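Reading through the structure tokens given below for one structure.
In order of appearance the chains are A, B, C and D, and numbering begins at 1 in each one.
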Amino acid sequence: MAKKEYSFYPGCSSQKAASASNYQTSVLTMCETLDVQLNEIPDWNCCSASIGYAGGGELPRLALSARNIALSEQANPGQDIVATCAACWLATKETQERLHDDSSLMEETNQALAEAGLEVQADGNIRHMVEVLIEDFGFDELGKHVKKPLEGIKIAGYVGCQTNRPFGIAGESFENPMYLDKLVETMGADPVENYDKKVQCCGGALAFSEPDKSQALIKEIIEAAYDGGADMIVTPCPVCQMNVEVYQGQINQKYNTKFEIPVVYYSQLMSVAYGAGVKEAGLDGQVIRATKLEEIARK
Amino acid sequence: MSDEMKIGAYICKGCGIGDRLNTQQMATIAEREAKANVVREHDYLCNADGVAMIQKDIDEEGVNRVAIIACSRRAKTEAFNFDGVAVIRGNIREGVIWVRPDTEEAQETTQEMAEDYTRMAVFEARYQTPPKPSGQAGRNPHLLVVGGGISGMTAAIEAAKAGYQVTLVEKEAELGGTAGKLFKRVPNAHPFKDPMDTGVEALKAAIEADDRITVHTSSTITKTSGAPGRFSVDITRESGETITENVGAIIQASGFKPYDANNLPELGYGKSPDVVTQIELEALAKAANGGPIKRPSDGKEVESVVFVQCAGQRSDKEGHLPYCSGFCCNASIKQAMYFKDANPNVDTVVLYTDLRTPGAGGEDFYRAGQEKGVIFTKGTVSEVETGGGLKVKFKDLILDEDTEAQPDLVVLATGTVPNSGVDIEEVPQNEPGEWESDPNSVLNLAYRQGKDLPLLKHGFNDSHFICFPYETRRTGIYTAGPVRRPMDIQQAIEDATGAALKSIQAIENAAQGRAAHPRSGDLSYPSFRKEGCTQCKRCTVECPFGAIDEDEERYPQFNESRCRRCGTCMGACPVRVISFENYSVDSVGQQIKNIEIPDEFDEKPRILVLACENDAYPALDMAAMKGIEYSAFARVIPVRCLGSVNTIWVTDALNTGYDGVVLMGCQKGENYQCHFVKGSEMAHYRMSKVDDTLEQLNLEKERVETYEVAITDVERAPKLINDMAETIEKIGMSPFKF
Amino acid sequence: MSEIVATNQTILVVGGGISGMTAALEAAECGKQVILLEKNPSLGGRVSQLYRYFPKMCHPTCGVEINYRRIKANRNLRVITMAEVASVSGDEGNYQVKVKISPRYVNENCTACGECSKAVEAEFDDEYNYGLGKRKGAYLPYAMAYPQRYVIDPRILGSDDAGKAKAACKYDAIDLEQQEQEVDLNVGAIIWATGWRPYDAAKIQPYGYDRIANVITSVEFERMADPYGPTGGKILRPSDGKEAKDIAFIQCAGSRDRNHLKHCSRICCMASLKQTHYVREKYGDDGKATIYYIDIRAIDRIDDFHRKVKEDPNVTFVKSKVASIVEDKATGNPVLRGVNTEGYHRYENPHDLVVLAVGMEPSVPADQFPADVTINEEGFIEPTSQGAIFAAGCSSDALDVNRAVQSATASALRAIQVVNRVAGMEG
Amino acid sequence: MSNLNTQMIEKYRNSFLREVEANVEEGEWVKMCMQCGVCSGSCPFGPHWEHPPQEIFMMIRAGKRDDVLTSDSMWMCTSCYNCIVRCPRGLPITHIMHGLAHYAHRLGLAPKENPTHKFAIKFWDNLTRTGRVNELKLGLALYFMNGFSEGIKTSLKMKDIGLGMWKTKRLSPMEIVGGHKCKDVSGLHKILAKAREIEESKAQKFSG
């Protein structure tokens, strides 16, 4: 397959020494195998995620994403913008659609962008990395690169919210998307069947401000994974990964549980299956080590 | 074809009949005992060869009564379809071999069953005449429409478009009815977004332009007599001038009157001029003609309006309507749009409990109302205060709190009351020869049973049948529009068009002497022997369709084209003077009599089963198809309706030595399923009287049972027969065996 | 099928459900020549799969029987089953219709004796029971089917079963050589009565029809309540066959929802109210029903039925669109989550069984319509102002049986107007 | 009471619904709710809302301005979009909730002590400073948002998490002094200033 190029929007959490830096590491490893070239949008800014609304009004928030799109159009013309973070993808895609559909919003946004000498068209595609994998490669192709099948690992595919709603992945349902399960299978591991918390909210950004309420949700997500016999949880979203992984200690204290389940990214599974080592797969970034994956990575 | 009766009996050996039964023996019985003129067996009667064999006999031997002794009358009807002859079906497949086990010990009784059915078929054939139309009616392609609203005008136009003459009678001076008083109507086509023109002017113009339609305004019907194909109608103008028209069928589209809102003082009606009904709001909207609507009290432009849904409807309170009028939700949305379209800043609130905007258009229209800013609040109104500005007190059911609104105007969605004339249960008909027209009646029928159509429920003239919405209880008279059931304009248009079709059908049926639904196409009709008649009036009173009048000497007058051929009159007649060519006291009675009654000591009882052909008989057929067994002692005879069962059949059977009688009819009572309305009910009543006869005969009451059987009672129907067999086993054989 | 005689005075009715049968019969009983096409092996359509009708609680089979009898008795009416319209050309008063007739592999010699069915071994999902049970590869679609003639499932062709079926028939009724035919009909007017199909419940993802065994549809529930249905009339849970006594009915399952069907399907509220009777009929005081609804649409005089159900202490009404259903894995109970909007009470209610009151979708998708008609956003045929293709019943709107029959009767007149004009007939 | 709030009360005396339509992001959708309640039943934080989304819509229609704008309900939105995808009428409920929250904040009516309110403001301030979120600063700001002693407690409670993140190089103490940022921060600030200006001039127009 020929090299594929995308305009890449990594987002704040993927930066060096940020909470999803290991995600970034594994994405890059995975892309190398798949011969994907990610052209980072130069000087991109934060999308304001879905929590910026209080301080930022509608137009300032749209302007943030519009700036990224404008920069991408300038630097990587004609390339689809690909985001790895669910919130980044969502905010950017929503902005693209709203500007595209509302000419007065478009006009006002460009008025604002003009202050920095920018202009946006917003007629390209904004895609999540998972979409790229499924639509531009497909499971068959993704499976062809597997060198070390992840045999003997049972994995709960936790899709979360914003990768799934409101746009979702084409052909998948909002309530029971199957792509992570298929991906897990493609990588040679066993998906947890009927994992019924796969699209439950983890509290998202409110994990900070409403920890008790969020952790109650996270607990259910983890519990259901254990009930399904999972060795680990896989997710496509940095917020999900962070929330489900790092609060396990607090949840254990609060609920007297003994959770210690690794939460990894799909890109980490793929990197390992594609033959990468622990470091290249970002597995050293796990607060709860994914030992079964590490074992395979070390083989 | 000669008039001489020639009976052909044809015994089929297919479908295992030949394997299970001695058909030769049956043939012998048909020939020797039942005296059929031609008797033949065939390996496979319904195939082309078998059918050709029968046709040949008809053509060459002059066979004119064909007894097919094979499968059920419900099977293979296409094959056994011969012109000009009476066809009788002896049921030895579903009726015998499929309900009996294929065992050696059952063989004897199974064979007896088949032999009896063979006799019965030939004897039934003997008492048949192929029905011919009576010639009572001619074709009168002219119909009367009563009521000049949307329903009536639509019916008139649609019938005229099919080539029929129409006389349209309207009591008001103008056509248009209620719709004529509307500013606009709810849309009937995509995108279902805005109120649209009522279409009344276009209908009026179409009527004006159509020379097949004659209109009488300011006129009422003062007398309707006759029958489908030959109705005679007196149309009287306000001036008293009367003309008489002859028509073939009638559509009653007499519409509705608005519910009297004076019954709703708690909602402020009558206390403030600013509390109006929906229909009154239409007048305000018409006056405004697209501009701002002004409130009646002081002419101020309305800035806020509250619509109160279900005002006096869906309620058990005295004086309220127990039903939903169906159209009011959409009507309020439309009316709220009147305000919003004139000025989007007018506040319009609809207070409802269930918003009822069904179908494709309904939901779109609801959404369109919301898009225009109409507010919908689920709530129940307790009171509208009128002292110094209106105050609508209501409970917001969603926010769960008592609250109030202070609009400029309140609109009450009060619903409709059908304009169905007089209730014939309450208002007796004049005695024969003493005609007087009743100003409250719509049709002023000269029928013995009363001046208007019987009502179904809540004063509506609806059909009781879900599958057959036009079946009123007066043949050739169809109701359409909101007199039939609550409905909106769109439905009224569909309804009126359908009613026009049924009227045209009634005209064509009457012209050929054919029965209407459910025995559609039946050419038989009841005749009676005047010399035997005792003028007891039972037939006149019990006919479910009011088909029978009385002449001045108090003899019954049968009106063939009003008759549905159910035979309830035949069942009613204590002196048995009423019969049909193909269905009579004898055609059934002879079957009953001509079976083998074994000796009392044979331990072989006989059970007569009279099963309604509409439901019970098909249920027994289906039981047979499923291999459900029943007693070999049963002899089942299908009847047109249990109402046609004359008690003589039952007493004759008992006298002949039958041990038990089972009657199977349809459900009676409020949710009756009897296709002839009262037949099953009458049968139950009459059979309760048979008990006396049993007592006289010194027989146990349990020997006669009457049941309601549904078509789905596939297991129950055979069980009822078996129950009777058990009963007989318990109480013993009949002592009346000869 | 050269024997099909049709002229520009013939009325073609497409679809043999209650609407099509009615339209065909009403026209034929006015003396018109009518051809009735049905794509299935039997007439009857959706109503033949219902246990009871609201509000009378009578059996649809009863009315269907009367209609079959009318059909048998009427020589103006010609029924062709397993037939579909491939294309329509021409114009009002003179249409050319191409009809594709699939082979039944059983000819008119069939006596419905059933021997072929006994001989065949292969079984397939029974369409009549919405796949809840099995039927043989040679079968009568249902006990009341008309024509009362067996069908060979094409899937057994070439197998031993095909031979066995043929051998079992003593009447030479099985003809495995039958081929698909195409016939051209010339007709004056067309009544389109292809009816509806239940909305695909699996698409309503929050309700887990595709994942939770004890979530079924209202049409399946009809079959279950029918004594001759797959459970013999017992209301049982698909997961474990246990009696389902506490049943939830979810309204607007796929209706009034821009994610599914935009329109209100009209019948579902009444159907669920009716089905609460089934629960009470089978389980008496042990039977409990809960109706989750947005608006109860018991329109017009049948609202009294609604009010009677409301008085039943064992029937509960919750004003709420259920948010989601999850399965309690220990009990198999579907657990309904949502908010009772009258006062905002959250619930998490387990039930034995959930019945989704699925909406009505027009049978023929708008883009697959073989003739030139105007179809609205909801997929229903709009009243035409030109041409002579008239919609009847649920191809014109979401209708209950009563209204469908009214609509069919009206369409019969519209068709008659056209053929009468063609014939130059004056009244 | 803020000046803007007073103006708005004056302008929309009779109709809070119209005020919402004119001033709240996606506010024109509120009237389209058909009261099914699926949003309220679908919310993962549903039990914590005093007034779930549908009730808020109904309250808006009923003119309960104060109750709505001072409510902490909207601040419970986790932006999971469950309500949006299930709403049979396609209301962008998530955005309406965000819009209401923002509007309440702008009018000065949002509950001051609501943690999400505070966090959301801090998040915005954090990201707009450099164009990119500084997770460490954001976290610390969050822990200390309820005062110093409360902050110490929270920090201690959260220290294991911080430690874990630091060990795995997903958090760096160095961020406190520098951190990631956009190169053209000034351009970004100009864009945001202009966007705010346009938005405020629109609000002025509505309220004038």
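Operating definition for what follows: contacts are C-beta pairs under 8 Å (C-beta built on N, C-alpha and C of every residue); 3 or more make two chains touch, one makes a residue touch a chain.
Quick caveat, the model's predicted, so the values are computed rather than measured.
**Student:** So using the touch definition from the top, which pair is joined by more C-beta contacts, A-C or C-D?
**Tutor:** Top pair by contacting C-beta pairs is C-D.
**Student:** Measuring from the mean of all protein Cα atoms shown, which chain centre lies nearest?
**Tutor:** Looking at where each chain's C-alpha mean falls, the closest to the middle is C.
**Student:** With centres defined by CA atoms only, which chain is the most remote from subunit D?
**Tutor:** Centroid comparison gives B as the farthest chain from subunit D.
**Student:** With centres defined as the mean C-alpha position, give me the subunit A-subunit C separation in Å.
**Tutor:** 45
**Student:** Averaging over Cα atoms per chain, report the distance between subunit C and subunit D in Å.
**Tutor:** Taking the mean C-alpha position of each chain, the two centres sit 50 Å apart.
**Student:** Calculate how many whole Å lie between the centre of subunit A and the centre of subunit D, each centre taken as the average of the chain's C-alpha atoms.
**Tutor:** A distance of 23 Å separates the two centres.
**Student:** Based only on mean CA positions, could you tell me how far subunit B sits from subunit D in angstrom?
**Tutor:** The mean C-alpha positions of subunit B and subunit D differ by 64 Å.
**Student:** Using the touch rule from the top of the page, what residues of subunit C touch 2 or more other chains?
**Tutor:** Subunit C, residues with two or more chain partners: 206, 256, 319, 324, 341, 344.
**Student:** Of all the residues in subunit B, which ones touch at least 2 other chains?
**Tutor:** Where subunit B meets two or more other chains at a single residue, that happens at 355, 378, 398.
**Student:** Provide the list of subunit D residues touching at least two other chains, using ranges where the numbers run on.
**Tutor:** 34-35, 54-55, 85-86, 89
**Student:** If you look only at subunit D, which of its residues touch subunit C in the complex?
**Tutor:** Residues 34-38, 40-42, 46-47, 51-52, 54-55, 85-86, 88-90 of subunit D touch subunit C in their complex.
**Student:** Please name which positions on subunit C make contact with subunit B in the complex.
**Tutor:** 18, 22, 25-26, 29-31, 47, 51, 53, 56-67, 69-70, 72-75, 108-109, 111-114, 143-144, 148, 170-171, 226-228, 256, 262-264, 266, 295-304, 307, 319, 341-344, 374, 376-378, 380, 382-383, 397-399, 401-403, 405-410, 412-414, 416-417, 420-421, 425-427
**Student:** Where on subunit B is subunit C touching in the complex?
**Tutor:** By the definition above, subunit B touches subunit C via 14-16, 44, 46-47, 71, 74-79, 81, 141-142, 158-159, 161-165, 188-191, 212, 314, 316, 322-326, 354-364, 378, 397-398, 400, 457-458, 460, 462, 464-470, 485-487, 491, 494-495, 497-502, 504-505, 508-509, 517-518, 520-521, 614-615, 618, 622, 625-626, 666-667, 671, 673, 675, 710-712, 714-715.
**Student:** Applying the document's contact rule, which stretches of subunit B touch subunit D when the two form their complex?
**Tutor:** Residue list for subunit B touching subunit D: 347, 355, 366-367, 370-371, 373, 375-378, 396, 398-399, 403.
**Student:** Would you pull the subunit A residues touching subunit D in the complex into a rising list?
**Tutor:** 12-13, 15-22, 43-46, 48-60, 62-64, 67, 108-109, 111-118, 161-162, 165-166, 168, 174, 200-201, 203-206, 208-210, 213-214, 217, 246-247, 249-250, 284-287
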